[in-house]
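As written, the chain order gives the labels A, B, C and D, with residue 1 at the start of each chain.
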Amino acid sequence: MATTLFQDLDTVRYEGQDSKNELAYRWYDSDKVVLGKPLHEHLRFAVAYWHSLAMNGSDPFGAPTIHRPWMNRSDAMPAAKEKADAAFELFRVLDLPFYTFHDRDIAPEADDLRGSLKNFHEIVDYLAKKMESSKTELLWGTANLFSHPRFMAGAATNPDPDVFAYSATTVKHCMDATKLLGGDNYVLWGGREGYETLLNTDVGHEMDQAGRLLSLVVEYKHAIGFKGQILIEPKPKEPTAHQYDFDTATVFGFLKKYGLENEVKVNLEANHALLAGHTFEHEIAMAGAFGILGSLDVNRGDPLLGWDTDQFPNDLWDTTLAMYHVIQAGGLGKGGMNFDAKVRRQSFEPEDLVFAHVGAVDLCAQAFLKAADLIEGKDLSKLVDERYAGWKTPEAEAMLAGKVTLADIAKASEEKNLNPQPKSGKQERLENLVARKLY
Amino acid sequence: MATTLFQDLDTVRYEGQDSKNELAYRWYDSDKVVLGKPLHEHLRFAVAYWHSLAMNGSDPFGAPTIHRPWMNRSDAMPAAKEKADAAFELFRVLDLPFYTFHDRDIAPEADDLRGSLKNFHEIVDYLAKKMESSKTELLWGTANLFSHPRFMAGAATNPDPDVFAYSATTVKHCMDATKLLGGDNYVLWGGREGYETLLNTDVGHEMDQAGRLLSLVVEYKHAIGFKGQILIEPKPKEPTAHQYDFDTATVFGFLKKYGLENEVKVNLEANHALLAGHTFEHEIAMAGAFGILGSLDVNRGDPLLGWDTDQFPNDLWDTTLAMYHVIQAGGLGKGGMNFDAKVRRQSFEPEDLVFAHVGAVDLCAQAFLKAADLIEGKDLSKLVDERYAGWKTPEAEAMLAGKVTLADIAKASEEKNLNPQPKSGKQERLENLVARKLY
Amino acid sequence: MATTLFQDLDTVRYEGQDSKNELAYRWYDSDKVVLGKPLHEHLRFAVAYWHSLAMNGSDPFGAPTIHRPWMNRSDAMPAAKEKADAAFELFRVLDLPFYTFHDRDIAPEADDLRGSLKNFHEIVDYLAKKMESSKTELLWGTANLFSHPRFMAGAATNPDPDVFAYSATTVKHCMDATKLLGGDNYVLWGGREGYETLLNTDVGHEMDQAGRLLSLVVEYKHAIGFKGQILIEPKPKEPTAHQYDFDTATVFGFLKKYGLENEVKVNLEANHALLAGHTFEHEIAMAGAFGILGSLDVNRGDPLLGWDTDQFPNDLWDTTLAMYHVIQAGGLGKGGMNFDAKVRRQSFEPEDLVFAHVGAVDLCAQAFLKAADLIEGKDLSKLVDERYAGWKTPEAEAMLAGKVTLADIAKASEEKNLNPQPKSGKQERLENLVARKLY
Amino acid sequence: MATTLFQDLDTVRYEGQDSKNELAYRWYDSDKVVLGKPLHEHLRFAVAYWHSLAMNGSDPFGAPTIHRPWMNRSDAMPAAKEKADAAFELFRVLDLPFYTFHDRDIAPEADDLRGSLKNFHEIVDYLAKKMESSKTELLWGTANLFSHPRFMAGAATNPDPDVFAYSATTVKHCMDATKLLGGDNYVLWGGREGYETLLNTDVGHEMDQAGRLLSLVVEYKHAIGFKGQILIEPKPKEPTAHQYDFDTATVFGFLKKYGLENEVKVNLEANHALLAGHTFEHEIAMAGAFGILGSLDVNRGDPLLGWDTDQFPNDLWDTTLAMYHVIQAGGLGKGGMNFDAKVRRQSFEPEDLVFAHVGAVDLCAQAFLKAADLIEGKDLSKLVDERYAGWKTPEAEAMLAGKVTLADIAKASEEKNLNPQPKSGKQERLENLVARKLY
């Protein structure tokens, strides 16, 4: 294939904070060692195929504004290859270590199931070849089980068992492809796994269906020896009125219900946290506490808008707190930070994609460095440790460990005529400590 | 004690739908048999002591507007008895079978723990006597572990273990009192069990603390032979920024984490569902699917306002759907329908309390009758059953039961070259069916 | 043209409340006289061309699910005529007196401006002919100035004056067509008249641009002798982050700023009210108070979802209050009630469109009858009049009329040592009065 | 009076960015000249009497946590003087140039109107004396017309004209006091000027009442020769369900309706913007465009919580954009930046108040410096100017000035066969430019 869209763009390089180059990294010094590892091992950034290569800028009130050469070509498979060529050029320009995809991002639907699978594997092979000469690896693969009308009432949770079977089949092939391409994770996002109205829905039956698919996935993972993580990406609503994987806590309960809590982790997205009424750092901290933090979809939402804007992140405060809890949870392991973010509809030029990624990469790198600094300086943890210090006495430990009964505790408290006194939570002081580290 | 506030008000009676009496029930014919039981056994309405007897109409921007004789008296214990007298007069006026209370609603805080417990038990004894001559029984008791400043950073989840012990002691006595008064349930609401800022919080530690208190409660229940249900009331936020019992799904995960899912159920409140981004019927349906539906706090919120307005319900559509899912879940058992609702700040006259309850009681009764009618007529269920009928084939049942692998399913699907076709979800038609039943 | 989609469906007829026919009107007895006029003159229902004929069921995560014969035909103009034939069949089936359209709903965009205008007028002529043999008239016309990428940064408010000119030209032709077809109103909806980010926006300049277009429209209306109303449809956000016509109060200020408050009214949509944080009845009451109530887009949103779901309405409480304030405001005059509502994505069958309209028509008719009953019975107004009765004294009237100064009032109040006492707002009682009327 | 609460705290000083002193200013170098004036003249910071001296930490679910010596004293007037002493000590510690108050913050309600006015003027005189020896001046005064039950159904908008008169009387005295104390502004906040339910409300009548009070205020201002600004503080809801001064655009329409748009400006609060669904910079930019920007209440809300948390601000991005639009609008003139912010309920120590203000002052100072830098560097404005450059041609100017008709524009556009092409909005690039300036 001759030319690609990003071919003439220079590779973005780290130039340090004094650089005036708008298309250089000022913070993302990928080999810089912090907390014992180079930055790139902590962050494991990934470019999202769908948002960067497949999105066309349409919205519910408007037609596409982004017209890439491979869109609307009449020859779908050559178009898919042209798109792949452009993708790897973009990866080269951004100089990031990973990418992520849905089956439908990389290969076109055909007239029937067999044809669609054939298309998919042909492009997977094409990607495998491209990866041989690229530094960019696969963070994770996934299946698009929400766009086609057959999924309109759910994929695993469809009232029609044939749709379940169709979905399971698609997932099987996507897992095979992810393994073949050396992916580190396999993700499930349940865009249609929920309901539009309870009037026509049996939620118990549908959750059992979803639990079954996930069990099948876990068994298959072991059967084929896939060493990556299995991840669920929570999202509360949009496109449906309610999705069963609402947030981290909901997914944790779901995993416990089906006995999968040691097999499956979460891929957390900032904008999805927001739609569930949470901050990103909340979701990360909860996943840390439940032991199911897997990977991140880094982006941002607009708290004043009620849909998934999937914007590139730009707020240092929020992102630093997210990174802080990632470190607290022990890092992302095989997971990474996927830019599940799209340029605005009006930003239709190829260059806009690069601006967007450069800003986001730098923000996350800066945020991670600041968070590491907070961790190492114990600025916050000193005060937190003091706050919970009372629980370190033998009596308190025994109480927490369940070695005394409610009646025992009552007896002792009444004897002491307990009268605990409030202590200031020092929220403003702690916020100042963060602010001084950041700005 | 001489006179009480509601003494001159007549008992509200069922007069049927043609009644023009504003203070009569038009739908709540308590002995009417439907679905095999009298209405009062299905609904088990309760008056909430705090909202009806203890609320003074203050809000964050305004002073009390409601001045009852027992408020601001200098002699706290006689005042508490005057309040109890008024309470039982109100129960008599409303002619409802149950009431509910927090320790602090019925008895004043004293100077120290022992004094507060003494006050509490003295009033519990007073209530026990009053109940001898009243038809109104106790639906549930609970402890107020959120109002006093000692709980400002949590009760069970306080960084100070002495507050945990103080809380546990209080709960022990409230459980004793609930048992003594013949209560059918004991409820925990975690108003301060959460965080204001993650900057000073260890969520993992705090959830373990909450899990421990709940385990102690369950063990104590069995130790003392309390036959009622233990209930958690989910609420996502307010008063804190986040509470650990966000919604039903979160509580289910929490119960599973601490192995309590067979011991504890949920007390669901309509307004709390809304604050978590859910409908009331969603929460009820999810609790039904998880097998943890315990009881209801019936009220309504204002979806345009972001706080717990705790208004009396007035929408037949929403309430009917809630009742529908209660019936689908097998009813409330030992639970009931507690009016956790307060009159508006401007409705400071005693009569306003009666108007409010009469409207709410009638709404719920009407909604239950409509829901029972929908159930019996199978208007909705016929269409739902058809929708999932495909799962009744042996092949589909085997797939759902986990008797085939992902690879098996894929093989079969590819052989059949599966091509499932969409079927209309018929949402508008189903909505019309409900509308025609209601209006 | 041979067959159309709705041809075999019977015309929906009024059959009364006892009818078991799911496709009959139970409340919409169009000739029934209430408040001095037949129902159809009060309600003036309209079918929306775009939602009923042009929507394909796609959403941000999914492909079209609704495939009508005229969609995706390669011959755009014959397709537009087939669509028009189907439209008039649908109007015949629903037996409603009006329809509404955007230019782009009825006629395809061509390769250039002149071609698009030509297409448009050709179809307008085709509609004119169809209307000769139809009872359905045009409630209003409008221009789609938001779908095409040229409008991505606004139409009247575009930074590029050529887009302003293009938009003005389009509006001019749409006004001509609306006049030709006997339309009673011309509507402007500013979907892209706002901003995505303030970083690249000059809001003062853009509001002046919007004000200019509206002035041009008003002048042109008079120039051509169009006797209908000019209407703005407020909406706060979606598709942009902010639109300049946020809500009724904002539009009123905008009209005052450009001196257009006597020339332009509002077309209020229920779902848009919700997105602005208001109830539908609030918007109607405010428009009534400002004297700018023009017409209604009847639908409903989902308060738990943050986008314009445009669902068919089904709640009698909300709709009755909306109708109540319409009557209070003196009715809709040349306006009407347009079903700016779409069937759910899963409701792709033609029949679903009919179910949806039947339910909505009946709901509005029932709500209007209930509201008229409330008005005639003075159930609410008696209490409201009493509440404000104090303002009927000469002293109070003088004070409100500005005949005394602040110092005068202070002097008199201090002399009287004023001590006004609270009076109960009786909200619960009033809610009961409404409930008893409805259920 | 002997000791005050803040007496032992050192005055906070500017020590530069390298300071490790948690209680020093790192950015607020008050005499530093930027954009032609010292920082303190741009920022005009004010301490809010109510939040800093009068708040006790209660919330809807909890009792006071903050116990200052002057609270709950039995001798109200000496307590008010002790509070005033503490206030001026706090002003001394924070070293800020202004303060703000409501009548009820500084002086207690008495048994009747005359007594309350007497109390008020006695404390005003006390404050006047304290100001003689203090550098801190009065930014604005206001009346609390929302806390007392007499205002429960509104102050100016009360159905009872006696409450209107009572309110007018109070405002008259507060204006007198503000003038006496040399205040630069007089503010009205309409906490109860709205409705709880439309069922008992006549919104047209109530808006006329509000308009009348505001007209009286403006006339009285001129009558007494008060040279300050009259300001309205918009807020959409809380405490009522709807307030008539919802947001800037609504207030603008209200001012136009009553012919007051040249007499009254807005005092904008960040948290109130959020509750109305807007960003703070949006409200500032709109006020700038309407020519009614008066003053700021600087704080922040929590977009995940639906009430007025009034937190101290800590986000540099948001605050910089707010400052940017303040500068764009020509600055605040006689207005200033009032910290309408309260410490968290758990931050009950006097020191917490100082931490909170130090962080907020520094944030605003840094944000202002960054915004000034953006303005001076034209980083953003260069791109914005380019974007609107098309409007500088004579043809475009004529079109905007109304020198051509709709028909003229259409004719010309059709002759040119206009085909305007989209241009990238460059949002991500602009966000990067801001980020690089800030972090």
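Assume contacts are C-beta pairs under 8 Å (C-beta built on N, C-alpha and C of every residue); 3 or more make two chains touch, one makes a residue touch a chain.
Given the structure is predicted, the values throughout are model-derived calculations rather than measurements.
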Option in B-D, A-B or A-D whose residue-number contact pairs overlap A-C by over half: B-D
Pair exhibiting more inter-chain C-beta contacts, B-D or C-D: C-D
Distance from the mean Cα position of chain D to that of chain C, given in whole angstrom: 35
Distance between the centres, which are taken as Cα means, of chain D and chain B, whole angstrom: 40
For chain B, residues contacting two or more additional chains: 65, 149, 152-153, 196-197, 237, 277-279, 304, 344, 346, 422, 425-427, 431, 434
In the complex with chain B, residue positions of chain D that touch it: 57, 59-65, 146-149, 151-153, 191-192, 196-197, 237-239, 241, 275, 302, 304-308, 344-346
Residues of chain A that touch chain B when the two form their complex: 112-114, 117, 149-150, 152-153, 158-166, 168-169, 171-173, 175, 196-205, 207-209, 212, 215-217, 219-220, 223, 236-237, 242, 246-247, 249-250, 252-254, 256-257, 276-279, 281-282, 285-286, 288-290, 321, 325, 380, 383-384, 387-388, 390-391, 393, 395-396, 399-400, 402, 405-407, 409-410, 412-414, 417-423, 425-427, 430-431, 434
Chain A partner contacts - residues on chain D that touch it in the complex: 22, 26, 65, 274, 277-279, 303-304, 312, 314-317, 343-344, 346-349, 352, 355-356, 358-359, 362-363, 366, 422, 424-429, 431-436, 438-439
